[in-house]
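Going by the order they are written in, the chains are A, B, C, D, E and F; count residues from 1 in each one.
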Amino acid sequence: MKIGAYGEVMLRLTPPEYRLLEQTHSLRMDYTGTGVNILGNLAHFGLDTWLLTNVPDNRLGDAAIVNLRKFGLKTDFVGKYHNHIGSYFAEVGFGSRPTYVTYQNRHNSSFGISTVTNYLIKEFLETVDLIHICGISLSLTDATWETACALAQQAKQLGKKVCFDFNFRPSLNTEAGKKALMKARYEAILPYCDLVFGTSRDLLELLEIPKEANEDNVRYIQRFLAHYEVEWFAGTQRTTMSEKPYISGRIITKNAHYETEPKLLTVLDRIGAGDAYAAGILLGYAEKWSLEKTAEFATTNAVVAHTLSGDVPLTTRAQIQQIMDYPGLDLIR
Amino acid sequence: MKIGAYGEVMLRLTPPEYRLLEQTHSLRMDYTGTGVNILGNLAHFGLDTWLLTNVPDNRLGDAAIVNLRKFGLKTDFVGKYHNHIGSYFAEVGFGSRPTYVTYQNRHNSSFGISTVTNYLIKEFLETVDLIHICGISLSLTDATWETACALAQQAKQLGKKVCFDFNFRPSLNTEAGKKALMKARYEAILPYCDLVFGTSRDLLELLEIPKEANEDNVRYIQRFLAHYEVEWFAGTQRTTMSEKPYISGRIITKNAHYETEPKLLTVLDRIGAGDAYAAGILLGYAEKWSLEKTAEFATTNAVVAHTLSGDVPLTTRAQIQQIMDYPGLDLIR
Amino acid sequence: MKIGAYGEVMLRLTPPEYRLLEQTHSLRMDYTGTGVNILGNLAHFGLDTWLLTNVPDNRLGDAAIVNLRKFGLKTDFVGKYHNHIGSYFAEVGFGSRPTYVTYQNRHNSSFGISTVTNYLIKEFLETVDLIHICGISLSLTDATWETACALAQQAKQLGKKVCFDFNFRPSLNTEAGKKALMKARYEAILPYCDLVFGTSRDLLELLEIPKEANEDNVRYIQRFLAHYEVEWFAGTQRTTMSEKPYISGRIITKNAHYETEPKLLTVLDRIGAGDAYAAGILLGYAEKWSLEKTAEFATTNAVVAHTLSGDVPLTTRAQIQQIMDYPGLDLIR
Amino acid sequence: MKIGAYGEVMLRLTPPEYRLLEQTHSLRMDYTGTGVNILGNLAHFGLDTWLLTNVPDNRLGDAAIVNLRKFGLKTDFVGKYHNHIGSYFAEVGFGSRPTYVTYQNRHNSSFGISTVTNYLIKEFLETVDLIHICGISLSLTDATWETACALAQQAKQLGKKVCFDFNFRPSLNTEAGKKALMKARYEAILPYCDLVFGTSRDLLELLEIPKEANEDNVRYIQRFLAHYEVEWFAGTQRTTMSEKPYISGRIITKNAHYETEPKLLTVLDRIGAGDAYAAGILLGYAEKWSLEKTAEFATTNAVVAHTLSGDVPLTTRAQIQQIMDYPGLDLIR
Amino acid sequence: MKIGAYGEVMLRLTPPEYRLLEQTHSLRMDYTGTGVNILGNLAHFGLDTWLLTNVPDNRLGDAAIVNLRKFGLKTDFVGKYHNHIGSYFAEVGFGSRPTYVTYQNRHNSSFGISTVTNYLIKEFLETVDLIHICGISLSLTDATWETACALAQQAKQLGKKVCFDFNFRPSLNTEAGKKALMKARYEAILPYCDLVFGTSRDLLELLEIPKEANEDNVRYIQRFLAHYEVEWFAGTQRTTMSEKPYISGRIITKNAHYETEPKLLTVLDRIGAGDAYAAGILLGYAEKWSLEKTAEFATTNAVVAHTLSGDVPLTTRAQIQQIMDYPGLDLIR
Amino acid sequence: MKIGAYGEVMLRLTPPEYRLLEQTHSLRMDYTGTGVNILGNLAHFGLDTWLLTNVPDNRLGDAAIVNLRKFGLKTDFVGKYHNHIGSYFAEVGFGSRPTYVTYQNRHNSSFGISTVTNYLIKEFLETVDLIHICGISLSLTDATWETACALAQQAKQLGKKVCFDFNFRPSLNTEAGKKALMKARYEAILPYCDLVFGTSRDLLELLEIPKEANEDNVRYIQRFLAHYEVEWFAGTQRTTMSEKPYISGRIITKNAHYETEPKLLTVLDRIGAGDAYAAGILLGYAEKWSLEKTAEFATTNAVVAHTLSGDVPLTTRAQIQQIMDYPGLDLIR
């Protein structure tokens, strides 16, 4: 299965060795973004992947493309337009000190101002079998919303699969009317979607789908799946036991569901771990694995992504399989 | 409240990535010292702070001042004198391997050889409302002892508050007669002090104040407070539970006391954490917070200081408040 | 003389060791800008300097202020507003390979969108004796043009000196009507100016002041000075002899002028060297030096700025004097 | 024109900042090789390029492929075989101190032990229009000689162009009989070649083609071209004037020739500069430029390659054109 | 007691900050090998130690010797021969992600191709009192096997002690006939050995010594000791409790044995920890400590080695003693 | 010939990439000192060398010894005493900007406070054939003066050669009476010396030996040699031609002299170049080379030392010979 994604390429700038911005003159530079992360991981799993995006038409855009190629992404649909790339600074946390992410101007980025006419949407859709769209596109700018919507619609028409990630952050949508607008946009795109990443909170708080009395979460989500004719609904859950963090993953279909045991997390860099879970799910979906096999693989992949620095999960199938088969193995020669 | 401190500026030289001195050609250079750490943290809390010290009259002294300004300290009373700055090398520990600190010649430093006549003591005291003096000054050289003593006396006369940190290390005072000399100097300065950082062991072993039968620590310390007319006595305590380290903080006044629950420590760099506690206490004192609010804030500040590399705690009020309000939060966008 | 400047604080991000963006994962981060550079240098010369600007109201803005303090600037008039800081990436050249500068979105920066009402203009002008304004402000956004203009006018009313740097780049003003608009803005601000940095090309090509037959450059510029009642007109000139670069500096007043001999350049990092020349000129003006002394000092300062990495010229008076007195001296112990 | 190359991928390991191996714990890691360098440069010029090679079937081979993709090479014909990659350590020289290159075991590398049957030669040749073969393949191992020879023959049969680089180093072929063997191999491959990189010394000392009395170099080489029916013979020459190094480039055809003026060299890292010249020549040949345009471009490209660290010349057409059009320009914004 | 070892010097190349090979341009370079590690540690314990090995006769070999001297090894018997050094790349793991070690061509290394005639075996044996031989030498090449065997025999004849480490890795000996060959070689060398490092698995799976019914491990090993007249049999065991790793060490003699309590491991870099245990055992043996004292010291040394980056355990006696005496101490000034 | 030296081991701390102290958080750490530099270089030339010195009795002293061993010095006479090591910070210059060296407290260093009784002088002198003493020892402290003097005397008695370097810096001896004291000390030690490094200025200004009318420098120095029965007098001279620096070296004996042509300098790091010249001279003296061969080798060695970063010249005989034989060669494979 050939996988495409529509998403922003961002610069991530990170002080070394857990330092704060005011403690460093040196930054690590990486290229990232939800689409980049998922496709980069899938390329490491051996799939062919294409990103649909625009980067600046200058030396930063050139450098971005160099780095996308490095991840194994195909860059045929990475255009060059305008002159700004969104960026964020990550002051990596330690112990009780959280990681601080400071965003720099994403609205005016080459991606943020690019709309339907700036992309080869038809050619892109003809190339791939499944596309991934991130909910961020619905709230970033009108241009990205229009592009996301057009993509979903046309993909559906062409018989391509659409995978959509809610990724809704209430705290970023507190302006008057913003949440209502978002609700409308999410409702507009969902009918075209086949896989959805999200939580029951998204359904309850954003879509405001009322929960029935005594309805458990699985049943509640299955009602949503039936309504929008979505095949898979996937997500992860974090818990804390004895002051240590754990993660579990689950997949729900209209009439089945599977949830993994909680797995212990050791965290080097948690950004990008959600995308690792998504990549694992897409791999299982693409290769028609069982829910169990898919959820176990995707969750282990997310666990390992927490141990990698940088956002793009550079795991391979063999590596994840080995970690699942030999837990505790700490040296491979 | 305007805060001043009298203390040494030192160079800290640290091998990167937990390496030993013999494993590295590269060192991280930072400027530190108890006064620097406390004032730097208070400046990050929004207070105006002044350091009274002398640095070398050469390019190292210039670089020191540049870095003090960076922390937000006001450098009006940082003089330039002589040509040596005290330094220490920190080989940062990991797990069971302790951090090794190797000091380089503090007695002959610009600070160590500066005495009363080398400072603008009167102008300094007129500028601030409270001064912090570290017990190290009492043992470093005669010049620093004389300066510390003069400062405490004159501050008292001018109605300024004096905060004093015992910071007594028996292992550094084993020469014949040294401990008796130290006892005399501590006894001489305590009558001028309003806040004191220390432990009951300081009272017992250094001051040799006998403990009454069945007297608990709080009562014992309160007797000391009454004797010297000290307002607040503050300190922290470390414990180990299930092979994991915890810290708790407490404040004792003549007729009240508060102690926090033990808080779990995850340690990136423990040097400077005591100063973070002191800065938290001084903030609460300056703003007339309750003992509880002050101790909780100061202890959380000390916990977070363990997760920051370098000595100067660069925490802000908002950050500490957020960590207290949302424990476990590990990513802030 | 107390010096103020109105100008942007930018992030400069530089690959190490002459590498290209596509060759590095590591960037050096510095804070810079014409105003920052000139004031930072003047602060190193011992003058009190204040910057009028706005930085983002987030952790990047905090880090920016930390770094401004480090340079010795006073940050009383550095406000926090909005959430974006302009940045540029510098791929440092070597030999025949030029340095490439790639700008990132300056129009939407905290500085670019701040206008008269976002600053304490009156308080700022009351604090300083002379202000520096860079021509970039006239073309960046309408908001910065309005601020620059208001500053110049009000400074004049209050009897403060105004120093203005043409800094006009024809290549950045090629849109239809842009050059005419710029000409009008430059003509509008010049009546308030006392010192001007520029070249005869600025007068000829931007202001379109016709040159008389056989009129030499000095006389031509003196006509301009008379017209706008400008005291000093200063600038540098680069030449190449035997494939080696040289620089000379000159100052022209209504009835005098001085030009230095060409001085050999060895270039480590040429960005910021123009600001070093400006800082030298302002020092001489502030201290009422002769044209000769001022031009020699400023040009030597520019030469040394080429040998410093980063934009802010961190030279001191003693250092420049020593280099002027002992040319060829290469080791000072 | 689609370009292919057959050549080794090597690891280059370089101490930073001109240090020696015994002065460093840190190495810069780059992937290089004549084929990699030429194709990487041509990819930056916008051509489609394919490398035919084998890398180790382990994590080092994976990392090699990641880096080849980064340069813009297509890796369809990069196989994974065996487990060793050739490497070299470069202690970069400065002034009178030469660069020292220390090779590590190239004979047993995945490339060195791969022969005709380990490659998809037919598919590779069907994909490209021209192939580049480096003379090193003739002396490295029997396996690489056989592969090079088979490639040249089959390319000729398929009507593809063959470009061959003498790259003969007498000092590496001093074993008894080695030079005679090399002569035979060079003579065997030359009949299939259309472009040749070399010098008259190669003809004289390796091929032992006698020079006629009073025959100048150009005429001598043209006799060689006529004999082997080679179209272009290209090379560079280094000279020293007033203790400064210069380079000139030339192209000779059966009945024409062009040589550039000597161009001044400023050297940051000279390894790879010969490959930059070759890439420039191939670009001109592929696009049917005049000898003059090609030689000027290729020589400027070689000059700029000396100013880039690392072996792969990452220059673009626009960059080289700009440097040719505006010599002396040192800052581009 | 003077200690010698016969073993390979290898280059270890490590990406910084837990990065993968594809995430870095920078590598840490260290020199290592079982013999190097053990002797380097013993030299830090104050013993005189000599390595018998060959390094390349080029600048890499020079750099290797420089680094051996640094560890305190005596290099009188480090020869220079041929031109290749074995190397390995270590991608350091974190949490559930294992460390990946990728070896580069050890068979053709200067060490791998050196045999009896390439060493001054007699002089070496006359210099030392005990030699250490690693089982890797038995499987690496025929040349190293012959050297190891000759060393053991001649040492025995000269009355020197022989210490042998099984270090048998089944996964590296899966070729047909390889295991039988290994068994024969191990059986051939064991009669000359006085101390052996290994596990009961080595006896059972490699030597195929049948275990008697109800025979416990200690008794089983004691039979082996009696058979081969070996004095000490030493090894470590790893266990996991509550998802945390522990290590214990033991020594068995013909009629006694001692095993430590499990000690908690915190792991920075686990490579080399086995060599730290061996060094501790050899120290105790050399100084005739009790089994208990030796095992406790060696196991603590292994625990601390896990907290040091790099392979060579740079611990001192005082440091290990202090950690044993004051567990939990985390800062030493 | 076995060479010894008496001299201080210092820490050199250097900001990277030509940065100033106020521009960096990172320092390069190296161990250096005149004796270290000369002996390290001679060890690289293949001679056995011993340093007589004391380093701190702490982890810094341990690290110092590790690094001395690395240079190839024998450390049998490196004692551990007290707890301070002298250090200096080097801000490396570029072009017209000089290198700034800032010393930190050498008087109280382990070396500065060690005197005759703290060393094994007799054993040291019995081990070596020639000792090197630096003039710095005469002015540093009374303890170092006494040690230097005792060494020279006893060496003479034992028939060992004494090499003495004037290294007199008038600017460091401006205190009242200091110069007269120095003159007396130099006069006291010279009778024991066989080789002397210095200039005619030392004779004229420090020793105040009057120059006769029309006496040229060579003759003047030869009078000095005759007076003190010194064999060789050696030194270098720097000149500037066409804005480029050159160096020439010379040796004078009682009845002969040789001076090299000026050699062009390209400077990466000039500290330590004088010691490289001295090492070259000592090599020629030890091996009884001609004055010409010695001076040419020593001067080339000094030229190459300018191209090495760090103080210790790590050149080998083969390398210097190759550079003398093939000037202009810039790449060695």
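In the analysis below, contacts are C-beta pairs under 8 Å (C-beta built on N, C-alpha and C of every residue); 3 or more make two chains touch, one makes a residue touch a chain.
Since we're looking at a predicted model, the values are computed, not measured.
Fewest steps needed to get from chain A to chain F, stepping only to touching chains, is 1.
Listing every chain that touches chain A and chain D alike gives B, C, E, F.
When the interfaces C-E and C-F are ranked by how many C-beta pairs touch across them, C-F comes first. Chain centres here are means of the Cα atoms, and by that rule the chain farthest away from chain A is F. Taking the CA centroid of chain C as reference, the farthest chain centroid is that of E. Repeating the C-D interface with over half of its contact pairs identical by residue number, the matching pair from A-F, C-F or A-D is C-F. Averaging Cα coordinates per chain places chain A and chain E 46 Å apart. In chain F, the positions touching at least two other chains are 17, 20, 22-25, 66-67, 70, 100, 103, 267. Contact residues of chain F toward chain E in the complex are 66-67, 69-70, 72.
For chain C in complex with chain E, the residues that touch the partner chain are 23-25.
Taken together, the chain E residues at the contact with chain B in this complex read 16-17, 70, 264-268, 303-304, 306-310, 314, 322-323, 327-333. The touching residues of chain B, counted against chain F in their complex, run 13, 20-22, 24-30, 58-60, 62-63, 66-67, 83-85, 87, 89, 91, 100, 102-105, 108. Put simply, chain E touches chain A in their complex at residues 17-20, 22-23, 93-101, 103, 169, 240, 243, 245, 267, 270-271.
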